[in-house]
Each structure stands twice: as C-alpha cells, then as structure tokens.
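Each of the two complexes below includes subunit A, the first together with subunit B, the second together with subunit C.
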Partner chain A sequence: MSLQVEELTVYYQTLKGDVRALEEATFRVADGEIMGLAGESGCGKSTLANSLILLKPPMRLVKGRVTLDGEELPIHDMERMNSYRFERISIIPQYAMNALNPTQKIGKIIADLVRWRQVDFDDILPELKRRLDLVHLSYDVLDMYPIELSGGMKQRVVMVLSTLLNPSLLLADEITSALDVSSQKAVMEMLVSFRGWEFVRSVIVITHDLSILYQVADSILIMYAGQLAEKASTVAIIRAPRHPYTRMLISSLPEVGVKHAERRLTGIPGTPPLLLNPPEGCRFRERCPVAFEKCVDVPPFIQIEPGHFVACWKEFETNARA
Partner chain B sequence: MLELEAVSKVYRVGTFGGKELRAVHRVSFDVQDGEVVSLIGESGSGKSTIGKMILRLIPISTGRILFNGVDISTLKGVALKAYYRKVQGVFQDPFSSYNPIFKADRVFRILQQEYFPELSRSEWQDRVENALRAVGLNPDQVLDKFPHQLSGGQLQRFLIARALLLGIQFLVADEIISMLDASTRIDVLNLLADLKAEGLSILFITHDLSLGYYISERAVILYRGCIVEMGLTDKIYNHPLHPYTRMLMVSVPRLDRKWKEGEVQLRGQQSELAGGCVYYDRCPEADKDGSCRSHEPVLVEVEPGHFVACKLYPGA
Partner chain C sequence: MRRYFGRKLLIYVLTFFLAVTIDWLIPRFMPGDPVQTMLSRAALHAEAREVMYGYYVRAFGLDVPLWQQYLNFWNALFHGDLGTSVYLFPQPVVKVIMRAVPYDILLLLPAILLSWFAGNHFGAIAARTRWLDNTLLPVGYILTATPYMWLGILLAWVFGIVLGIFPIAGAYSFELRPHLSGAFLASLLKHWFLPFASIFLVKFGGWAIGMRNMIIYELESDYAHYLEALGTPRKLIRKYAFRNAILPQITGLALDLGVIVAGALVTEVVFSYPGIGYLILQAIQNQDYFLIQGCFLFIIIGVLLANFAIDIAYVIVDPRTRLGMTGEGA
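On to the complex of A and B.
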C-alpha cells in the first residue's frame, strides 16, 4: 500500500469563520497507481493535495490521518514534515514552471535544492544528466536561465527536479493547463514514463480536464464542494459513472465530434455552494435532479462495487434494490 | 459581413524597438452574416491580436479589414461610434472587465449615457431586464450586485447582454469560456449558438479544439501568425490536411479515444523565421532539400471549401 488518507478535514480560517474546503476525505492510492483528482475550481482538490505536503495557515487541520507506505505523516507539523518533503512526497505546484527563480541558472536552482536535503550535487549530477537525456533536454539547460527555455521545456525541467530523489508520491497540480495541446500530450506521457522508470511510485494528477485524465490515469477521484463524490477506475468514471454530479459533468463536456446543431449539450443548473457556512448534508443536493429527503444527511463515501466508491444516497438505494 | 484582406501586424520589440516581431502575417478570411467562425491556435499564434485589430484596439500594420464593405481603419468620430454599435468584443477574464469598486450593472448605465440618452429610466430598465433574460439570467438575482458577488459565468453573460443591448451584428468572442467551470461553460456556449440562430455573426477565438467543433461552421487554424488551414469545420476535423493540423487532431485529449504512443514529436525551440513555411522546423514532412524553408506556401483550395497552405498539395 502506498497512500492512505483517513477522514482528512481541512478548513481555511478567515475573519468571517471557517471555510470548509475539505470534509472527511477517505481514500487510498495504491502502489504504482496514477490517480486523477478532478473537480471544478473551488471544489477543494488543490487543498487536498497541499494538505498532504504543506499544511500551513490559514489552513487548519481539523482531523484526519495520512499514512504513506505504512508510516504516518506528521502533516500537522511543518518542521517534521521537512524530512518527508521532496524525498518521500513531492509536488509540482500549479504554475511551477513560472516559479523558477529568473535570476539563477537552472543548475544552481537544482544544486541548492538537493543541498537542502543533504545530497551532494556532484554525486547526483550523473543521474540528473541521465534523466535530462530521457526527457530530451540537453545538459546545456543546466547552464541556462529559466527565461531561455520554452514553456514545455520548463515544465520538463520542473518534472525532473521534483522527482530527482525518487519520491513515493508525486502530486502534480494542473501541470498541463498552461500548455498547448501538443506539449500537454508530451508532458502527460512523460509522467507515465516516470512511473515506468521508477522515478516515482504513485502519482496524484490534479486537473479540471477529464479528457486528459482519461488518457493517462488508472483511477479518477471526483470532488464537489469539498466533499468526495466518486472514485473508481478511469473507465468506470467515464463510461459508467454512478454519482449524479459525475454523470452530469461528463455529459456536459463538449468533445470533438459533438456539434451544437446535432446534439445540444446541457450544463448543470445552479452554482456550487459557498463553503463558508455550506448547506448541511450532500452539498450537491440543491443542483441534483434526484435529490430526496435523505440527502440532508451527509452520504458516506462507500464502496458499492470492487474499487468503485460513491457518496450518494439515491445510488445506495438503487444499488440495494438491485 | 466582415472581411480581412492580407492583414499583418508587426510589433516593435527590444529595448529601443529595434527588433520586429511578426504577430500576424497576411491573414485573409471572412465571416458571413449569421455565421460562427472559429479562430483556433496555440498561445502566441496571433489569434487575440486579430480580434483586437477587428475591434480597433490596436492598429493594423498592413492590409485592410472591411465591415460591410467599409474599411474600418478609416472610421473616426461618429462613424467609429456607429461601428461599435454593431461590433463588440467579450474577453477571456470576466473579472478584469469590471471595476471592482462599482456595481456590475454600471456597464449598462454607461451604455445608456453613451448611446441611448433619449430613453427614460424605466424604458431602459425594461430593455436591460429583457437582455438579461435573453442571456438566461434572472434580473432580480443579478442586478444591483458588485462583481465579486456574481460568478464568472454570470459576469460573462452580463457582458454578452451588454452587447445585445446595442443590437450588435458581430461579436468577437475571445476565449470567453476558458475561465468558466465545466458545468456552466456549456450554457454560455449554447447561448452563443442561440444568438447565432437569430442572425448574429461571431468570431469565436479559442485554443480548445472541441469548443470550436461544437459551435462553428467554419474554422481557421492559425500557426505563428499565419493561416495554415481553413474551411468547413467537418472537413478540417475529420480530414485534416496540414501536418500541423494533423498533429493537433491527434494530440487533443478525447473521451472516446486514447492517445497513441509516439504520434507527436516534440522538437526544440523554433528558430527565427526568414521566409519559408512557418511550420518548417517542427514538420515531419518538411523537404530536406530546403524548399519548405525557402518557399512560403500559399493557401490553395484542395477540395471545395477546404484551404491549406502546405507544399504537399500542388499549387501551394
């Protein structure tokens, strides 16, 4: 087993009160699994990823436990987490490629980072060069400034950098959203190769784009307004979704091959609730066409088929009857 | 309705403006009455520059843009104001289109002061409410609110309603739904399609191929400021001819098909241009003898309603 998250609940503290961004998240990511984490903006997907590696104010851990390879992560302790970050669990944050220090050469940036982990740059240099080679970058980039590289090249540098110490888990937050379609494909395929080359064991890919996850992910976890809605294998989520939100989300996606004149797609009426004082129970119920009285209680996130988890009262009812 | 004739835009860049950056190069296409044309390209392909030139936000370097037969760069004063009654733009980020310290409906009040000073307050109010209903908003819920109290989709529809109040004929929609959430973006897209059915012409600028396919009859594929392929949407998507378009079509992530390995080769950075085909240094089909490098291909009609600029097709 690789990552186990239990009842993880994280709020943002604001002057107006707690913003309940993540409620009772319980899920597993198996060894070697690439899990996609998808949802609309503000659904808590980045909060979930960040709380696994850098839980800092105004984020507040309300409860929950995170175990990585059988060892509990001290996510509440900024200092103690230092010995896990980068080595055991690593992240490519959103806009990471724009976060490279523009006044330092790429080689210097990498050297500084590995030194912070008590690794000698010269020791790791041969491996670094080998990996740059694998992602089709020449060693010359080490002697270049970030401004000299294109977006796709910077993203590859960031990927090599974040996985240099072979972490167990990599969190990749919207790594393709600023790239052109051709670079998107190259970057995502590289991520799969990284797992093959054992630079990383498991990956959580955070994105709002389900069609990209369909290409590379083994499983997909769908979130809505801070709650987990559904987790299943990629094929099950795309072809046979069980949660009403997932179903409506997927049927609203325009795709090549779908024309307005032939098939008019429909969106989901309404907007997600505010997470400061969110409604009780299932947070999707106000927009849900099948909501009924039971939905004022929070539905548990339970397994209805092997590997298929869903949090929906209606679905439990249908499932029990079947 | 709208016609672009060999429009180019050259920006002066560098410390003293000594270098030239060719953002748009000899682009010609037209948009007919009640037609949606998608302008598709990656970042930096010049698609937004074209939209801004149509809206007269930046001057054209060479070429002409004709609106109903009139060269828009000659418009001044009253004529320009009349032009903006017919042609309006809506842009990517709805939040930056509003001044956050004023209520969002100020955009309507400014419009009345400028264009409809003769209307009474209640007449104008009726028109605003009708326009808001036409874009699928409930006036009671959205009027008298600050921008931060409204969602991105609502603000974007506000701007479309504003354009409708003017009774426009042509809308430049520059990435208008890329910042909206998946569950609401399709509603804005459907709204555009409904307006089109009522006779509005739309230039739909996007980097998202699936959105372009959903809404438009014709598509223009732009690469580094040049049109590489244009024509009927069905033909371009189902039978792409230019190597660049083909590469785009196999890389676009789809829910009905998985990527095949090794279809896309990433090459290094693009070199500076000195004539020749813009796609030369990334093209797998490029002539090794260098004729692609020295000859700039022209658009030829390979089949009815399908134009491509590539040496693979005779005449280019």
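On to the complex of A and C.
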C-alpha cells in the first residue's frame, strides 16, 4: 500500500516567475521497498522529497495528491502535517551533520522532540539505547553536545533519532554525499538494516550517485529537469534502461576493468534547461540523440513492462512496433 | 580549565599595566600647566604667585623628573592613593569619584538591564511578526542612528521646557540636601527620569535590532529546518533559537555593564547629571591630571572586570567554549 504520489506538481515562487521544479510526478513506493531517486543537481529530487514532508514557501503546491498507507497527507498544510511528520513520515536531511542544535545535549534534544508526541523519554530510553547500540554508538552520546561527536557519529545519531518512532516512510536525502567511500557503504547498509529491523517500512534514497543505489535499492526512479524519466527495478535500470537519458547516464559511469586512458568516459553533451521557462514537451529533447517531432509534447509516464515505467515517445513507438 | 584562566589572567594583568601607563601619559601630553590654570583664576601679585606656584607644584609632586613621577604614581596606586584633585583642591580624587559613582550606577544599571531585557524580547518577537517588523523596527533604527546628544536635547526641551514636566538639570532639586526623605527621593526620581529614558530608548533600539537579526539567522539554520521537518512545534524551535541568539547579546551586555563606572558622558553633560561622565568633562577642562587619571582608572578596571566576567559566563552558558578549552589554543 505504502506511498502513492499522483500528479504532484510543485513550483518555486520567485520574483521572475515560477520555477517549475517538479511536474506531474506520479509513482508509488511499495511496502518495504527501498526506492532510489536519482538525477543530476537541480533535477527536482530534493524538491520531490521536501514536498512530501516540508512544503513551505517559496515552494507552492500546484496540484497533486499524496497518499500514505491509504490516508491522504495534507502536504499543503504546514500545521496539520505536523502530526504526520516524524511519526509516519520522516527525513534524514542532507545536512545531517549540522542538524542538531549545538548548545543542547543530544539526550535533551531527543527528550524535547518525543515529549510533543506524548511519548515519555524514560519509556523510550531502553529502545533508544538498543538502537544506539545497533549503530555502534555508546549511550554516552546522550550526555554529550553535538560538537563532541565526529561527523559520522552525528549522522548516525540523526538516523536513529529520525526513525525513533518507526515511521512508515523515510526520506534519506543525499546522506552519503559528504562521506568517504567506505563510510558510504556502511551508512547504506545500516539503512537497509533499519528496514530489516522494521524501524522503517519504506525508504526513498535520494542521491546523484547511481553506484550507491545499485548496492541497496530495490528500484530506481530517474528524474530529469523536473520530470520523471524512468522507474524500474534496480537491475532493469542498470542492465536494460529504456529512456535515452537513463541509457546515457548509465554509460557515463566508469566500468571495472576498462582502462579509461584508452577509452575516454563519455558524458552527456549539453546542459539541463533552466526551469524558470523550461522548453515545452520533453525537457530532455535538446540533448537527446533520438528526439523527433513528437517530443514537443510532454510524454506520459507509462508502464511498458510490469513495474517498468518510462516517459519517452521514441520508446513507446518502438514498443508499439514490436 | 586552570590553564585557560591562567592565560586569561596574564593577559588581563598585562592589559591593565599598559592601559594604566597610557592613562598616566595622556593628561601629561596635554598642552598647558594645571597649576598655572588654577592660579590664573585668582588675581595675585607676581611674587605671591611665584610662591604659590612653587607650593602647589611640590604639593602635587610635579617638581620631580617625569620618570620619577611615573614611579611615584605606581607606588601611590598600590597604596590606594589616586592623588589630590587640582580642580577641587584639596579633596582627594578617590573621594570625588566615590561621590559621583552612585549616580552613575543609579542611572545606568537600570537603563542597561531594562533595555537589554526588553530589547531582546521585543527583537525576538519582531523577528517573526511581520507587521511589527515593518512598523516598529524602523523606529528602532532611527532611534539608534539618532545622534545621542540631539535626542537628549530634544527630550530635555520637550519634557523640560515646553511641557515642564521634568527638570532638566542636576540629580535632585537645588533646594534640597541629600538625605533620606520622601521629598528628596521624589526629587531624585524626577531628575533621574529623563536621562534614564534617553539612554533606555537608544539602547533598546540597538538590542532589538541585534536580536531580531540573530533570531532570523538561527531560524534559518540547519537545526531549525530539521526540527521543522520533524514536525516540532514552533514554540520549541523558537526556544532553541532564542537561547542560541542570546549568546552574542550577553557579550554586549557585559561590555555595557563594564563602562557603567565611566558614566554616560553625553547624557550627563546634556542633563548636568553629576556622574563620572560629567566629572571627566570638568577634569579635562581644568587639566586636572589626577582626576582624569582616576576616572580613567575606574573605566579600565570596569572594562577588564566585565570582560573577565564574560569569559566566565561564556564557559557556563556556551558548551562550545567549555569543551573547546581542552583542545588546542586552550
């Protein structure tokens, strides 16, 4: 059941007009699914994540509805949304290392946060300690100030804190971008374990790093310039991508065993469009090698195989012919 | 912890030595001669004048070479002797200053504390109330930017002369002698109000602006966003923000308290209020070496003590300082 997003459209209001950061996003995340959300900087990944939990100005909800476990989320209503945040839907922010108030002890911050949820800190303390143990932190951190912890430790504290009330959906926003490769792997494995331990039911992992998603995600959703491009199982995205953007993205990843001194890594020529006045139709068409006249219309995000969604006219055509 | 305070203390002792030396030097760099100035007021015979001059120069210890005057000065200072006032001869400087200090404390302590308290709370509210931010804060900017003596004179003119509600000079009515009675206290309060209000107004605006900016900064910080994403009530986020934003304000407060003994020179001049600020002006105009030295000595001690108090207060209120002391640079 889990998360169902329908036609979610979110713009940023600026003095020059709307920045159309997210257009008509429709997808679902199944119970227990870890979905990777990937795309280059500015493609709308974080906008999508933020609009699910903290949609506030300058963000503006244009249309769309979000359903979590069969219940519609009042994402446009800052106040009403408060009762869902933290308990049903939670986030590990991009800035997890600065996410804790520097002048309060960590235990005090956690106690303050749970008190508003009618949870007594002493009741939850044994569970909190157990979870700190699971992420290899000593209980002493509760009596410490955030500056006494390393960046990695702070991030683990935030991971435990964000999932303390067992939310059904967790948004992990670029949580590995500030880490070295070995820590990246450890953090990602921890996230998978969190699902195993049932601290969270489903996870959306937002990243620009496809190789990380390959290790942990069940499925991957690729975005380009505010539009959904493709969603499929991780294997399908990596082995048999259907959208030209995904294909080019995958082929620009380095491969093991290939000497790149001999074969240069190919990138994608061109740059993404500005979203203030984006081009009509498919926003990838100016960089797309297979674009044709039909691409001036926005392609729908359609299921072409079970669990494989794509938004590309060329692909629909080839599919229809086959 | 001990090393931290040891180092701080050493710096304070050094600063004190240098500041007092400069304090001793500056009046002596002024052109003119205090004894001459004093004698010129009395019309004297040339011979009498010479005798008197010799007497006073010896009485003030100005007949020995400068280096010896300097050593004598330190020697006397350690015996608690700040010399004799030239302008109020033969009263000792300590006594003159002690007579002025209560007025400064009475005037500035409430003005500084109340404006700090009210300004911080008002600024914090203004930071999240748009109409308040748009209406009353500009008034704060204007108040803070107003040349103080102009505001003081304006207040004195409106309330003292035009409306005639408040007296415009002195600390109490000239008809009264300081004593404990209702009439005297009422007069004291009436004379106190305008100088107090002028300082309060200006400082209030400054604190409110500072606090408003700090709160906005804190509410835009990562931890505030995280709390918001976790659906924390505004009340708690603001509580955290206020606690963090008040830290720099504490420094400001302590520095302000440190110069209490310096008085508020301009206020006291405008309202002829007999505090140290007024005394400093008199001392400078009369080239009273010893009184100038004495007043500035009080200021130096006040500022140093206030700074030391901030160092201690910060260790208590900001865990980052406390924990940083064990690291490098402690």
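Everything that follows uses one rule, which is that the second predicted complex is superposed on the first by the 318 of 322 C-alpha atoms of A that agree within 3 Å, B and C clash if a C-alpha of one lies under 4 Å from a C-alpha of the other, contacts with A are read in each partner's own complex, and residues count from 1 in each chain.
Criterion: contacts are C-beta pairs under 8 Å (C-beta built on N, C-alpha and C of every residue); 3 or more make two chains touch, one makes a residue touch a chain.
Computed from a prediction, not measured in an experiment: that's the story for all the values here.
Chemist: Is A:Tyr12 touching anything from subunit B or subunit C once the two structures are fitted on A? First, second, both or neither.
Modeler: Neither partner.
Chemist: Determine, under the contact definition given at the top, whether A:Ser90 touches first (subunit B), second (subunit C), both, or neither.
Modeler: The second partner, subunit C, only.
Chemist: After the superposition on A, what does A:Phe316 contact: first (subunit B), second (subunit C), both or neither?
Modeler: The answer is neither, since A:Phe316 touches no partner chain.
Chemist: More subunit A residues touched by subunit B or by subunit C?
Modeler: Answer, by number of touched residues of subunit A: B.
Chemist: With both complexes overlaid on chain A, does A:Met81 touch subunit B (first), subunit C (second), both or neither?
Modeler: A:Met81 sits against subunit C, while subunit B stays out of touch.
Chemist: Considering only the touch criterion stated at the top, classify A:Gly267 as touching first (subunit B), second (subunit C), both, or neither.
Modeler: first
Chemist: Kindly classify A:Asn101 by the partners it touches after superposition: subunit B alone (first), subunit C alone (second), both, or neither?
Modeler: So A:Asn101 only meets subunit C here.
Chemist: Contact-wise, after the overlay, does A:Leu54 reach subunit B, subunit C, both or neither (first, second, both, neither)?
Modeler: In the superposition, A:Leu54 contacts subunit C only.
Chemist: Quick one: classify A:Gln184 as touching subunit B (first), subunit C (second), both or neither.
Modeler: Only subunit B is touched by A:Gln184; subunit C is not.
Chemist: Can you pull the subunit A residues that subunit B and subunit C both touch?
Modeler: Overlap of subunit B and subunit C footprints on subunit A: empty.
Chemist: Which positions of subunit C touch subunit A when the two form their complex?
Modeler: That would be residues 221-223, 225-233, 236, 240, 243-244, 247, 318-320, 323 of subunit C.
Chemist: In the complex of these two chains, what residues of subunit A are touching subunit B?
Modeler: 40-41, 136, 150, 152-153, 180-186, 189, 208-212, 214-215, 238, 248-250, 252-261, 264-268, 271
Chemist: Using the touch rule from the top, collect the residues of subunit A that touch subunit C in their complex.
Modeler: 53-54, 56, 81-87, 90-91, 93, 95, 98-105, 112-113, 116, 145, 147-148, 158, 162
Chemist: In the complex formed with subunit A, which residues of subunit B make contact?
Modeler: Contacts found on subunit B: 42-43, 151, 153, 181-187, 189-190, 193, 207, 209-211, 213-215, 233, 237, 247-249, 251-256, 258-259, 261, 263-264, 266, 269.
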